[in-house]
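After this come two complexes, each holding subunit A, first together with subunit B and then together with subunit C.
Take a look at the complex of A and B:
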């Protein structure tokens, strides 16, 4: 953590970056996002095992980008998000500096290549709790699974905390807010909730870095991250492509290859 | 004229049963899978006695989706079908005094220039049984907004825990008396004082009147940008809030028929003030965050002579990025 503060101090004092996006102490025991813009405020930064939220969502926030070059305290999922954002042309290499926090030490990563190399050495990790839940859901019959999600999604209030906290949901005009035509119902009834979450999972299939921030953000306690985990997992298995692996776009859902093994497409 | 009784802990189970038997549904904070939700209570034991629910109970009078009317084509004519509010008689059991207080803030809007039959019918059919707080957490700030952890305002019955076990019940309305009448044996008249467990200590964090005056001169202050940098612009705070009352109207229809719905809306969402022209007077999150603060702490007192916040802290607990309202308001109150 001291390494991080020292680096942040240097970067800000020299003007190399205009803001360090990191974690700070919040209410009680929580960690909250902080935006340090001067060298004398680096003590606002903390880093420990409670710093799990994926902060990459701020890399596309207008007010933050407007500050200038950004440094970001990066857990592995944040590094993956940076790559996916780069692949989707949402980030320029010169505008972001990753301060990767890995195994208790800090690594400065300026180039997307360097981030790719680092990410390749980090195993994908879904938490034991989440894996157990996914296994439980997979073992259910279709009817049981439908009942589970109907009950969970019935409680959804369409606050969009999931969408807002996700680094990959950066669209200024979300297709689900469109009303000409109205693709899905806006209202927070059963079908409105179900369709919203289904569409979001499909829009993230192949782009999701499985950080779980969406599920953590839900104020109602619905494990929405499991939906995107499943969608992403399916793409990885079926297509061998994944979200957050490379700064070059490799997106199964929108790529046609002439040597596609499926016959029906010919 | 407030009536006072004592109630044994064991008798409260009989009370809940009596209420349910009278055809009223009993809703209250209950533990479900490690959370506290507002759900159907079938026994007093099910009531979550520590903490508060993540979502508010406002859904009983102002649901997240409500059908207002239906319409259909009959030949060349359009037929409008009115919808009666589905207001099942309800007892909200075990909510906090802050929650009980909140209905007044909804009432001033729903009975402002138009008497909303949906809200009014539901409110008329809802009885509020609150439980005084003996504990608080870092998000609570009822004492900064003119209330207390043992405030009876807004409740039909207030239960306060007694040191010797059981509760003192303070009945302040006809609705409250009607509930007492369902289980007369449960309520023992109380004369003299009762040895209640002390109410939680909630140190005031700011002076709401002083804040209101301060806000009048701080509209263009950079503090709003500072405070809102981490805000994600979702609707979590507005939707868990017991006093947030903004709504949207949505039509769902096909070429033959449709219905008109009222749904919750949030000023924190970007599209809240988006005009059809494409112009958005609150295009930046700092403007939307400022609006939230001003609406509750400046515009509400100015227009309705009451605050638009009860200090429950649900917004702070629900926020994915810990936008602690109490902290923000204390900071705003001290802004030079």
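Take a look at the complex of A and C:
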């Protein structure tokens, strides 16, 4: 952590970056994002096991971008998000500097190629709890799954925290806000909530880096991240392509192969 | 005897192959069940996955999605894109608990009038057996504004 503070201090003092996006203390054990803009404020930075939120969300926000070149305290999923944002032409190499926190030490990564190399060495797996939940769901019958999601999604209040917390949901005009046609009802109710979460999962299929920040952001604790994990998993399994692996990869859902294999179209 | 349940089916078809194919079914005077409402779209690539969800929430008991065979797309690659989308969407539908027996995906060319009749009959019979899609319709009853 001292290493991180020192680095942040140097970068800000030298003017190499204008803002360091990192974690700060919140209520209790919760860590919240902080935006450090001067060298004398680096003591606001904290890094420990509770820092799990994917801060890459802030890299596309106009308010943050207006500050100038950004350095970001990055956990593995943040690095993957940076690559995915780069692949989608949302981020330029010269605008971002990653301070990767890996195995208790800090690594400064400026080039996308370097990030790509580092990411390739990190095992890419969802947490044991999520995996257990996923196995439980896939083992259920269709009816049981429907009942499970109906009960879960009925609790959704459509606060859109899952959308706001997602680094990949950067569209300035989101289809959820579109009212001509009104694809997604504004009110929160069973069918509309199901539709909303289906759209979210479909729009993230092939782009999701499986950080789970959407699920963590949910104020009611609905495991919404499992839907995006599942959609992303489907893309990985069927098209052998994943979100957040490379800064150059094409988006799996905007391309095709003439020999894509399925068995359900008659 | 109680009246037999007649399902409502929505078919999303492409203008160039399946719509023409369904037209051929008619001009060939092949009879098929009248439970299907055909919605013509320019291409299967135009069939947004939301249309399927909306069809169910607005009272469809089953959905048919059909277009040109691979390599036959009027717009060269619309059906390839659609196929990828369905490959992901179909799995996701299953994951959230939508009954896949209520959805038929197919390629029907402009020359396959008989295949269209067979497809509609088969899907109608299958959905009739399954009964009305109450699970979704009950959910939707609260939400239709």
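FYI, the second predicted complex is superposed on the first by the 255 of 266 C-alpha atoms of A that agree within 3 Å, B and C clash if a C-alpha of one lies under 4 Å from a C-alpha of the other, contacts with A are read in each partner's own complex, and residues count from 1 in each chain.
Here is the rule we use: a contact is a pair of C-beta atoms (placed from the backbone, for glycine too) under 8 Å apart; a residue touches a chain by one contact, two chains touch by 3 or more.
From a predicted model like this one, the values you see are computed outputs, not experimental measurements.
Peer 1: Please work out whether A:64 is in contact with subunit B alone, subunit C alone, both, or neither, and reply first, second, both or neither.
Peer 2: first
Peer 1: Touch test for A:157: subunit B only (first), subunit C only (second), both, or neither?
Peer 2: first
Peer 1: A:111 contacts which: subunit B (first), subunit C (second), both, neither?
Peer 2: Touch status of A:111: no partner.
Peer 1: Examine A:6 and indicate which partner it touches, taking first as subunit B and second as subunit C; both and neither are also allowed.
Peer 2: Touch partners of A:6: none, neither subunit B nor subunit C.
Peer 1: Is A:183 contacted by the first partner subunit B, the second partner subunit C, both or neither?
Peer 2: Only subunit C; A:183 stays clear of subunit B.
Peer 1: Name the contact category of A:216: first (subunit B only), second (subunit C only), both, or neither.
Peer 2: first
Peer 1: Kindly classify A:171 by the partners it touches after superposition: subunit B alone (first), subunit C alone (second), both, or neither?
Peer 2: neither
Peer 1: Per the definitions at the top, what is the overlap between the subunit A residues touching subunit B and those touching subunit C?
Peer 2: 185, 187, 189, 192
Peer 1: Subunit B touches which residues of subunit A in the complex?
Peer 2: So the residues of subunit A in touch with subunit B come to 26-28, 30, 32-35, 53, 57-58, 61-64, 155, 157-161, 163-165, 177, 185-189, 192, 213, 216-217, 219-221.
Peer 1: Please name which positions on subunit A make contact with subunit C in the complex.
Peer 2: Residues 137-138, 142-150, 183, 185, 187, 189-192, 194-195, 197-199, 201-202, 205-206, 227, 230-231, 234-235, 238-239, 252-258, 260, 262, 264-266 of subunit A touch subunit C in their complex.
Peer 1: Which residues of subunit B touch subunit A in their complex?
Peer 2: Going through subunit B, the ones touching subunit A are 33-35, 37, 54-55, 64-65, 137-139, 225, 228-230, 232-236, 238-240, 248, 250, 252, 261, 263-264, 266, 269, 271, 284-286, 316, 318-322, 324, 327.
Peer 1: Where on subunit C is subunit A touching in the complex?
Peer 2: My answer: residues 49-50, 53-54, 57, 70-71, 77, 80-81, 83-92, 94-100, 104-107, 119, 135-136, 139-140, 142-145.
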